[in-house]
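Since the structure comes first, as structure tokens, the remarks are kept for the end.
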Amino acid sequence: MINVLFFAHLRDIAGINQIELPLGKMTHVRDLLSGLLPYVPIELIQALDDKTAMVSVDHKYAGWDAPLTDGVEVGILPPVSGG
Amino acid sequence: MINVLFFAHLRDIAGINQIELPLGKMTHVRDLLSGLLPYVPIELIQALDDKTAMVSVDHKYAGWDAPLTDGVEVGILPPVSGG
Amino acid sequence: MSDVVICEHDFNVGDEYAKVCAAAPKSGAVVFFVGLVRDLYDPQNSSETIDFLELEHYPGMTESLCQEIIDQARQRFPFDFARVIHRVGRIHASEQIVMVAVASRHRDNAFQASQFIMDYLKTRATFWKKEVGVKGQQWLGQKDKDLSATLRWEKNSTERKQP
Amino acid sequence: MSDVVICEHDFNVGDEYAKVCAAAPKSGAVVFFVGLVRDLYDPQNSSETIDFLELEHYPGMTESLCQEIIDQARQRFPFDFARVIHRVGRIHASEQIVMVAVASRHRDNAFQASQFIMDYLKTRATFWKKEVGVKGQQWLGQKDKDLSATLRWEKNSTERKQP
């Protein structure tokens, strides 16, 4: 299983905080764009497509090209605005 | 009269905190080098000659070429070391 | 004492200062930065006031990013001790939101490291702000100004900071 | 509240922070610098410890120089409020000696102005330090490092401070 967490603006669009999915045939983070499609509004996939969103794998920033392996936690992160 | 104040290291050399002198024929700050001679050890005049000392007139930094007028307060200032 | 604190409750600058001094008894310079919630919507030329911010973060990832930022700052500008406190949850206008403290032997590194940490906190650490007020609520995006503040540390990594 | 305080007694950073926040209610950024007496003779590679510093100043001139430095900083890096406290008299190792606090709308000016003020305090303000300890007593001269820190503000007066 992989655990996908949504934050802030993107969580509002997703309508959920997190979702657990079987890894299935997904091999890279970008495969989540289609893998999430059955569970979130299409607007989330569109929002992720515009490239301002960032992604983390196991608490480290990662690219959409990063490998996806069983048991990881993926964060779907809007541009940060702390401080 | 002019009032001459000595600070820190240069006060230690002068052996006095301050001295009041009649203006006399002194017209510029540098005239104090000779004007002070009767009242302070020669070592002070030598220390002032080496140019690291600074001078103030009425609480403002001034050059040795600044005019000296009656009633002013002159500060004889070693390089500062606050903060 | 932990170098990084993410918490909902407010912090006391006097107490924090005492802790930093105790943790860095050989330091001759302490720099504190405190960020407070301004009462206007962003952009700041807005004249409408906010009631509060809702601060969200990614628990676990945020702490490790903050520690990473502190470690990078220490490599660039060696110091004795640094501490970061960042509040999350509901924070009202004019309340404290973030504190960065750095103690070092000489003042230059304390100033440089605290700025470095703040710049990276703004652009790397996984915090998100939502403004709530008369105008409704809006998530804040990253500011170009903050991005360029971070980039300047990456362009000239060895030069001394110049005015 | 006066912007400049020259005094023999110690100051409390927590209290000072509260005063600065009260004086600058619209500020979103507060930077505090505190300088403490290090326990080694200058140069700092000395291994002999000092007991205390004797801090002397030129009453009247010092206050007006400090105010002038604050005014210059404000012109270069507009801020809401700044406060300088500098102790004089006998100050023991590890005690506080100087504080500079600046509150501004955004953090960059608070950081820049506080560094500007500290750099000029070191090289312009009429304070003199004497170290007293096991090695006897010695007046400190100006440090080249402090002079060059000041000069960098004069070389490029318009550029943003770069790393």
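Residue numbering begins at 1 within each chain, and the chains themselves are lettered A, B, C and D in the order written.
FYI, a residue touches a chain if its C-beta (ideal position, glycine included) is under 8 Å from a C-beta of that chain, and two chains touch if they have at least 3 such contacts.
Bear in mind that the values here come from a model prediction, so they are computed numbers and not experimental data.
Novice: If you take the chains that touch chain B and keep only those that also touch chain C, what is left?
Specialist: Under the touch definition, chain B and chain C have D as mutual neighbours.
Novice: How big is the gap, in whole Å, between where the Cα atoms of chain A centre and where those of chain B centre?
Specialist: 74
Novice: Report the inter-chain centroid distance for chain B and chain D in whole angstrom, where each centroid is the mean of the CA atoms.
Specialist: The computed centroid separation for chain B versus chain D comes out at 26 Å.
Novice: Please compute the C-alpha centroid of chain A, do the same for chain D, then give the distance between them in whole Å.
Specialist: Roughly 49 Å separates the two chain centres.
Novice: How many Å are there between the centre of chain C and the centre of chain D, using C-alpha atoms for each centre?
Specialist: Here the centre of chain D sits 23 Å away from the centre of chain C.
Novice: Where in chain C do residues touch two or more of the other chains?
Specialist: Correct list: 35, 118.
Novice: List, in ascending order, every residue of chain B touching at least 2 other chains.
Specialist: Within chain B, no residue contacts more than one other chain.
Novice: Where do chains touch, given as pairs?
Specialist: Going through each pair of chains, those in contact are A-C, B-D, C-D.
Novice: Where on chain A does chain C make contact in their complex?
Specialist: 5, 7-9, 12, 56, 59-60, 75, 77-83
Novice: Along chain D, where are the residues that touch chain B in the complex?
Specialist: Listed in rising order, the residues are 35, 55-58, 60-61, 64, 86, 97-98, 118, 121-130, 139-143, 146.
Novice: Quick check: in the complex, which residue numbers of chain D touch chain C?
Specialist: Touch list, chain D to chain C: 12-15, 17, 21, 25-39, 44, 94, 105, 107-108, 110-112, 114-116, 118, 149, 152-153, 155-157, 159-163.
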